[in-house]
Amino acid sequence: MSAELFEATKRWGRWGPDDERGALNLLTPERVAGAAALVREGIAVPCGRPLATAPAADNPTPVLHHMIHAGDLASEATAFDWSADFVGVACHGNTISHLDALCHVFVEGKMYNGAPASEVTSVGAQRSSIEVAGSGIVGRGVLLDIPRLRGVDWLEPGEAITSDELDATGVAVEQGDIVLVHTGRDRRRAALGAWNTFVDGLAGLDAECARWLYDRDPAVLGADGVSDVMPGSDPAWPIPIHMCALVGMGIHLLDNLRLDLLADACAERGRWEFLFVVAPLQIGGGTGSPVNPIAIL
Amino acid sequence: MSAELFEATKRWGRWGPDDERGALNLLTPERVAGAAALVREGIAVPCGRPLATAPAADNPTPVLHHMIHAGDLASEATAFDWSADFVGVACHGNTISHLDALCHVFVEGKMYNGAPASEVTSVGAQRSSIEVAGSGIVGRGVLLDIPRLRGVDWLEPGEAITSDELDATGVAVEQGDIVLVHTGRDRRRAALGAWNTFVDGLAGLDAECARWLYDRDPAVLGADGVSDVMPGSDPAWPIPIHMCALVGMGIHLLDNLRLDLLADACAERGRWEFLFVVAPLQIGGGTGSPVNPIAIL
Amino acid sequence: MSAELFEATKRWGRWGPDDERGALNLLTPERVAGAAALVREGIAVPCGRPLATAPAADNPTPVLHHMIHAGDLASEATAFDWSADFVGVACHGNTISHLDALCHVFVEGKMYNGAPASEVTSVGAQRSSIEVAGSGIVGRGVLLDIPRLRGVDWLEPGEAITSDELDATGVAVEQGDIVLVHTGRDRRRAALGAWNTFVDGLAGLDAECARWLYDRDPAVLGADGVSDVMPGSDPAWPIPIHMCALVGMGIHLLDNLRLDLLADACAERGRWEFLFVVAPLQIGGGTGSPVNPIAIL
Amino acid sequence: MSAELFEATKRWGRWGPDDERGALNLLTPERVAGAAALVREGIAVPCGRPLATAPAADNPTPVLHHMIHAGDLASEATAFDWSADFVGVACHGNTISHLDALCHVFVEGKMYNGAPASEVTSVGAQRSSIEVAGSGIVGRGVLLDIPRLRGVDWLEPGEAITSDELDATGVAVEQGDIVLVHTGRDRRRAALGAWNTFVDGLAGLDAECARWLYDRDPAVLGADGVSDVMPGSDPAWPIPIHMCALVGMGIHLLDNLRLDLLADACAERGRWEFLFVVAPLQIGGGTGSPVNPIAIL
């Protein structure tokens, strides 16, 4: 069924056969300017997690953070000294807030717009790398707060969200929006501790939400999980939302965001739209970038 | 003389003895909202450079970019496959666009607000790390385009910019602004190739501009070089702007930005102010972060 | 009691106040030549483990192994092509075969020979770094096979080995030997899977074996665990063998060796001595090195 | 002509169609035992260079060495503390002493024994990785000292060595030997400073020496350069010795050794043979390993 879903929602060629940007093309100047006009109070809310350097049940490959020059080399007798460090990140890890490039996933050997997987070589992606988002992603963000809808603090790992629920939040999603789905992951982690998300899963969108994405036509989709409910129901199509969004529709994904702060800020104001800015690093040939998106209310 | 300059412009205690954020405190909601109102056309201009992975005269310690799973492992016979990569960055390198944390520089064994260098240990900074900017830096950006003022394409390495020139650009700098100084570095590199910036230097602000910073009171200072003219004139105080701004005044610095695109966009519109967003990674104990700041006009 | 043990076995000044090599000084040319004469059959047995790149219960910080140029870039149409990779290792991890430098451990702020911990700065060790073993460690190796002595396949995590047992193996340990203690760790892992060695521990030498080390006077000590029984009995002195050997006696340690192959080879021959060669990387200021020691029988 | 040389010296199938070890098969127990018998004085001479962490003309991609826990965290008031570090190496860099795996080079899309380059994927080599040398390389080493033969301190970059010269050294090379060629590179660097070896080249073997290798049939070849004279004379076959040795004959190569110490030790004794031990790290799927080979005289 996932294969049919993929075909039904595929939008290759929409912006021409050579397009590498997909739904980022929806972020027109008009929409960007309109999003900026949403700012009322001037409150910035971070949606990235701290880079996880400590091993944990949900962090089997920790981020490297190494000091390379520290304060022990400074002295009161010397006018000038400094500190410096090194950071090493494999951004697709399951606790790192990151933006997936369109080249991150292949379906039947093809990435977005039908380009062959062979264009992603051992030295980097020649097509649809993260560089296509190098000018930043700026637009109208909307938060769909599912725990609030359901009257719970968080969804349990493995719980699926339906497209009806996405609509039932009452937030009107418009073409070109940056849609963020809150599942309460960070609240659960704070209360119960880390769990192995590969084994025990994550709450997320049911596969059928791919049609909803097709209909609503957002520019970007993000979640505090990985958008997909995990584990998926079809081993051959383990993450259908990733597959349909990144490969079929050209929708960039934001994984592992921190959305509890934003959910609180929105609930407090009764307002679920805001200016949203993602500033990926310009990694040549990159398959993604660690990011710290900022919502501005 | 630099020591006197440092004392004369020092603002320790301004936001209390425990403050770690310095001039970021100037980014009040009012200023953030006011900055958002500057957006007219909805044009996003990136101010970060591509992460420099290739060795070059100005890049002795290249960024690591390693593919860890590429398209060669995908097949048309398999529904799902993926690509992934690793990035390793020592952000204070001299071609990397980055935000300096206030703990990055010490003067006589002390960082901003008088905290001892010993609070930056071999496992990270306990005070004034990059985490204090974790909510993002959002404000009114202004571009001071020095080559345009002088009627040249670029300044030569080692050329100093005076505070009179900063004023002569005609851009009114206000308290809490994010001030960006364009020297034409990227244009020169594009035309003449890379040079060893440690040996041959960079155009930047003369030490006396520290007083200008004190008077204008910006939230953040940035440049396409390192703000300081290089090499400096006093070996004991090699980068006085860094020392006075980061340590004395608590002004975060943006180094090695790419500002030619922004300079062109501003000149085209005759408008030198814009919404400016910096979204540093939340690196626990970090001395800085690679960034790709976005100007929105 | 550990403090007394430390004082009782301390050998600071034995090779002069400036010595940085400790018991490596026992590896005289005579002993090296004598060790070479032990080779009979010409069988080389590796005592290093494969570098562990996969996350596991005993591997919370996996070794990085990244291909940086792979076969996907080669072609039959091109005469020449190549592959290359990158390896990143924090060698003191608990599954990595490594040699501890004498600067790796401090007791009351001092390393071997009384040098202050401050000589190990955030840019490396100025004293007793791994460089002192840069010429390689070559000598007579002897294997003390404790599971064989006890008639079991392996010792359980947390089981302590006494000095009486070390003697009871019947292997005569001589001054300047490289002493290897087999606990059967690899056999247990192969049979039962990985366990969290920090939580559940490792078999190893009881603290009192420090006196045995003092009396036998080996050049180097190694084990398939970390020499110390884990967890230790005194939280303030968590790894007394490390503390007494590295800091007090200047004995370099080999941790996390693979000794099951060597144990089998020795048992087969009824011979527990061999030429043993350790070739650490020359890491300037390093606190240790990943190694793959070779026993030659 | 290189293509003919390659065909003329190719030895695919010599140890069967599935062999991955090539000439390492020549290191029989008899040869290993015989090599051990060469040790007379018990002098160990390191043949690896210090891992080059500083940027230099010949080091565009420096080794990473990061302290991850230093002495600044220790205290006299605490019984136990420690230091630790991280090392990151792309071993095929041009100043790093390393062992090339047979999968490191491809000729017309094939590696040693005709295996396709596609067996080296973006996650590692499935054939002829460095693991095949995991038991260590132990054998009779012989040093061919070309500067001594020519009566100079060093050869200039780009100078070719002929097979006649290899013979003229008077050192009898036997089947299964580990042949080391000294060009004086380290002496030149010490005297004149670093040079860009990619641009200015390295002294090394003329392509015709491939036939000499075929005739002499060593187990391993090493040099203080990269064995090949650089730059080569045929752009399509830039490193014919690498191509013929690694791919055609299955001879592992040791690049960028430090051989001045060994040359001095041999000259002093008038003896050019010794026990030689290489202990590569067991890097799963690796294309090579940094090494510090030890000659024992």
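Lettered A, B, C and D in written order, each chain numbered from 1.
What we mean here is this: a residue touches a chain if its C-beta (ideal position, glycine included) is under 8 Å from a C-beta of that chain, and two chains touch if they have at least 3 such contacts.
Quick caveat: nothing in here was measured; it's all calculated off a predicted structure.
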Pair sharing more residue contacts (C-beta pairs) when B-D is set against A-D: B-D
Interface residue overlap between copies chain A and chain B, same or different (over half shared): same
Gap in Å, rounded to a whole number, between the CA centres of chain D and chain A: 46
Mean-CA-position distance for chain B and chain A (Å): 26
Touching two or more other chains - residue numbers and ranges from chain A: 64, 67-68, 70-72, 86, 88, 118, 121-123
Chain contact topology (line, ring, star, complete or other): complete
Chain D-facing residues of chain B, complex: 55, 60-62, 64, 67-70, 72-73, 88, 118, 121-123
Chain A-touching residues of chain B, taken from the complex the two chains share: 2-3, 28-37, 39-46, 48-51, 53, 64-65, 67-68, 70-72, 74-92, 103-111, 116-125, 131, 134-136, 138, 236-239, 243, 275, 277-294, 296
Parts of chain A lying in touch with chain D, wherever the complex brings them together: 64, 66-68, 70-72, 86, 121-122
